[in-house]
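In structure tokens below, several structures.
After this come two complexes, each holding chain A, first together with chain B and then together with chain C.
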Partner chain A sequence: MIEILSVTGPASVQDLGRFDQYRFGVGTSGAMDDVALRAGNILLGNDENAAGIEIPMLPFKLRFGRDMAFALTGADVEAEIAGRVIPPWWRSHVGTGDILTVKTMPRGARLYLTVGGGIDVPMVLGSRSTQFRGEFGGWHGRPLQPGDVLPCAASSATIGELGIEPAGTTLARPNAAADETIVRVVIAGEYDGFDAATQTLFWSSSWKITPQSNRYGYRLQGPAVKPKAPIEKRSHGIVPGVIQIPPNGQPIIQMRDAQTSGGYPKIATVIRADLWRVGQARLGGKLRFEQTAYTDALAAEAEMSAYLERLRTNVRLVEETRTCR
Partner chain B sequence: MTTPDRSRISLLGTSALLFEAPGAFDLPHQRRIWSLAAIASKWPDIREAIPGITNLMLTFETPPRELDTLIAALNDGWDAAEGLAIGGREIRLPVTYGGEIGSSLQSVADHCGLSVDDVVSIHAAPLYTVFALGSHPGYCYLGGMDPRITMPRRQTPLQRSAGGSVSIGGSQTGVSASPGPSGWHAIGHTSWTFFDPSWPTPAALAPGDTIRFEIERVIR
Partner chain C sequence: MPIELTDIARLAQILERSGVDTIEIEEPGQSLKLVVDTDPRMAASPTLIVPDADHSVIAKADIAGHFLAAHPWRDQPFVVPGQRIEAGEIVGLVKIGLLYSPIVAPAAGTVDAVIVEPGATVGYATPIVRIRPIN
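Presenting the complex of A and B:
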């Protein structure tokens, strides 16, 4: 078990998500950076869908209730245990009573703490992810608070120190500036409802991520992008990544806790291979959209899968080498 | 809302595809959507087929390499779909119109050029059919609203709207099951449990059920 000692902002228990309950109005929830959560679980020899803790704000402090392996992935952070610095994208081992302190997050927006065996909260409707709107899943359906004691499943994971290359390094986009996140999008149903000049404006603008951005959605600020004539759709299903344009012309990217349906016009959808980049984009930062074709979006997913497959292979090789010694 | 004269199929990234049926927002069209959903949910690589308002979203277990086969299957499926008549339950929901939660009652009346009492009686008159579930856990989209009380969605969605809100968005109406963001206009509220993850079927209502709003009180 682990005990939360100090928490800032809405930290929560998340696995990869709840994907087959849309027909009851239940969205996916799940890690905003699913690549980082998977990587942490791979490092620990866990099922990749094992639940971890998503930490969006610092400081954060917790105490380990027994010997166990853990990993930190996602955002770059300054973390330490009893004066020992824990590098990012790193697996380590702690003893009973050890305290992990995470102080600052120089890059990225969400840190993932995974533990050997995973956070052992009950499966609700097929997932351990916190469903904030429905107040179920995760830890009592709510953000973590100081004093919460989370159960951890038993684990046979090995305990040696091990680091891996961060997704942001391996999967870096060639044209990305330091303060700007570029995400690839496939155009959506109402794209043609915007005239050419407005479409150009959408692609060329550097969109500011407003403070009203969270797990529900990223609300962006920039020049008003308005359709040729007002579009009022009949309500239909939407998924994380869909970029809606409400009448004020300011785009909203639907994220993991988004509503499962909507009626605002959709200009484009962030591809699955880049949704984690949005999850790691910071408030006040900039986003730019790059148009991509469906087949290229599938190729980008394959690239992401290949990165994860390399991680699996490397971690397995390291374990085998250790066993042989 | 305009009435589309042909079906539209569009991508939601690589996770899903949206089929929008041609024709009116009415029960016969919605019954065909229910029928298409029942068929499409059994197709390979489809995780779920989720009815919306005269539309259907298919989420992918695995994104198809090419989309032509799926698009043709949807169009053929729609053309062949006989309406699926679901004989649901009838629910009576007492509603308090107006007040703090239903604070948009007056603005709906102003927008539509009606009195508050007109809006209430027009809204409470029909027997509504649950067309689809969506938005948030347990929320029902209802068909059958009188177009005289149509009001476009908000310019900017609210960050938080109360649970149990009875709202109008465009030519649709519905009741929220829990508090959360909303682009609709709340005209009243009800206290009823729409969703519980521990129930065998977590949502209380299903497509095909019907709802009658009973005017419990009008706060002017």
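Presenting the complex of A and C:
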């Protein structure tokens, strides 16, 4: 088990998400950076859907209640365990009572803490993810608080320290400026409701991520993007990644805790292979949209899968090599 | 398909395990020959020889790959000469495929020298960092 000692902002238990309840209006939830969660679980030899803790703000501190392996992936952080510095995207082991302290986050927006065997909260509607909107799943359906003691599944493996190349390094995008995240999008249903000049404005603008951005959605700020004539649609199904244009012309990217339906016109949708990049984009930072064809979106997804597959193979290889000695 | 360092490591391991001492692979544009040396005198470090004159202790690589003095997300190397370190502290990384395997200090002391250039290929037991232990 692990005990939360101090937490800033809405940290929560998340797995990959809740995917079978959408038709009942239950959103997916799940890790905002699913690549990082998978990578942590691969490092630990866990099921890739094992639940971890998503930490969006620092400082954060917890105590391990027994010997166990853990991994930190996602955002770059300054982390220490029992006085030892933990490099980024790293797995390590701890003894009973060891305290993990995470102080600052120089890069990225969400840190993932995974543990050997996973955080063992009950499955609710097929997932361990916290559903903020419905207040269920995860740890009592709410953000973590100091004093919370989370159960961890038993893990047999004793493993040595090991790091992996961060997804952002392997899957780096060309022309990315330090403070700007470029995400690939495919155009959506109401794109043609915007005139050519407005469409160009949408593509060429550098969108500021406002403080009103969270697991529900990212509210962006920039020049007003408005349709030729007001578009009013009945509420219809939407998915995480959809970029809506409300009447004020300021885009909203729907994220993991978004509603399952909405009526605002949709100009584009972030491709699945880049949704984690949005999840790691910082408040106050900039986003730019790059139009992508459907086939290129599939290719990007294949590239992401290839990265994860290489991780699996490489970790297996090193484990075998170390066991040999 | 290019032959990766990870493939070579894996092949070497399979050879060693199965008692085969040589393998040769030829493909258009590339060829690879691996010979397993079973002579125990040759089994140790294939690369640098480190003077053993003083009482230095050596942090060694425990896997084959490329030496990294700093994590790719960090400007500063793990250690610099003169730095005080604790036993078990990470002094560098070996990059193998997408993995970073730590090189750790076997004893507490002061870093005397980082012997290997960043990016250099290292093997099992290659000396990486010389440490003057604290008695």
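In this section, the second predicted complex is superposed on the first by the 324 of 325 C-alpha atoms of A that agree within 3 Å, B and C clash if a C-alpha of one lies under 4 Å from a C-alpha of the other, contacts with A are read in each partner's own complex, and residues count from 1 in each chain.
Keep in mind that, in the parts below, a residue touches a chain if its C-beta (ideal position, glycine included) is under 8 Å from a C-beta of that chain, and two chains touch if they have at least 3 such contacts.
These numbers were taken from a predicted model, which means no experiment stands behind them.
Visitor: Given the alignment on chain A, is it a clash or a fit between chain B and chain C?
Guide: They fit: once the shared chain is superposed, the two partners occupy separate space.
Visitor: Contact-wise, after the overlay, does A:Leu171 reach chain B, chain C, both or neither (first, second, both, neither)?
Guide: A:Leu171 contacts neither chain B nor chain C.
Visitor: Between chain B (first) and chain C (second), which, if any, makes contact with A:Leu287: first, second, both or neither?
Guide: Neither: A:Leu287 stays clear of chain B and chain C.
Visitor: For A:Val26, is the partner it touches chain B (first), chain C (second), both, or none of the two (neither)?
Guide: In the superposition, A:Val26 touches chain B alone.
Visitor: Is A:Met68 touching the first partner chain B, the second partner chain C, both, or neither of them?
Guide: neither
Visitor: So if I put the vertex at the Cα centre of chain A, how wide is the angle out to the Cα centres of chain B and chain C? Nearest 10 degrees is fine.
Guide: It is 160 degrees after superposition, to the nearest 10.
Visitor: Looking at chain A, does chain C or chain B touch more of its residues?
Guide: Of chain B and chain C, more residues of chain A lie in contact with B.
Visitor: In the overlay, answer first, second, both or neither for which of chain B and chain C A:Leu16 touches.
Guide: Neither: A:Leu16 stays clear of chain B and chain C.
Visitor: Tell me the contact category for A:Arg84 with respect to chain B and chain C: first, second, both or neither.
Guide: second
Visitor: Between chain B (first) and chain C (second), which does A:Leu311 come into contact with in this model arrangement: first, second, both, or neither?
Guide: second
Visitor: In the overlaid three-chain picture, find the nearest pair of C-alpha atoms across chain B and chain C and give that distance in Å.
Guide: The answer for the closest chain B-chain C C-alpha pair is 25 Å.
Visitor: Which of the residues in chain B end up touching chain A in this complex?
Guide: Touching chain A: residues 1, 8, 10-16, 18, 20, 25, 47-57, 59, 63, 65, 67, 132-139, 141, 152-157, 159, 169-170, 172, 177-181, 183, 195, 197, 201-203 of chain B.
Visitor: Where on chain A is chain B touching in the complex?
Guide: 19-27, 124-125, 131, 133-137, 185-189, 212, 216, 230, 232-242, 246-248, 250, 252, 259-264, 266, 269-273, 294, 297-298, 301
Visitor: Under the stated contact criterion, what part of chain A meets chain C in this complex?
Guide: Touching chain C from chain A are residues 76, 84-85, 87-90, 107, 161-166, 169-170, 307, 310-311, 313-315, 317-318, 320-322, 324-325.
Visitor: Residues of chain C touching chain A in their complex?
Guide: Residues 6, 9-10, 13, 16-17, 62-63, 71-74, 88-90, 93, 95-102, 104.
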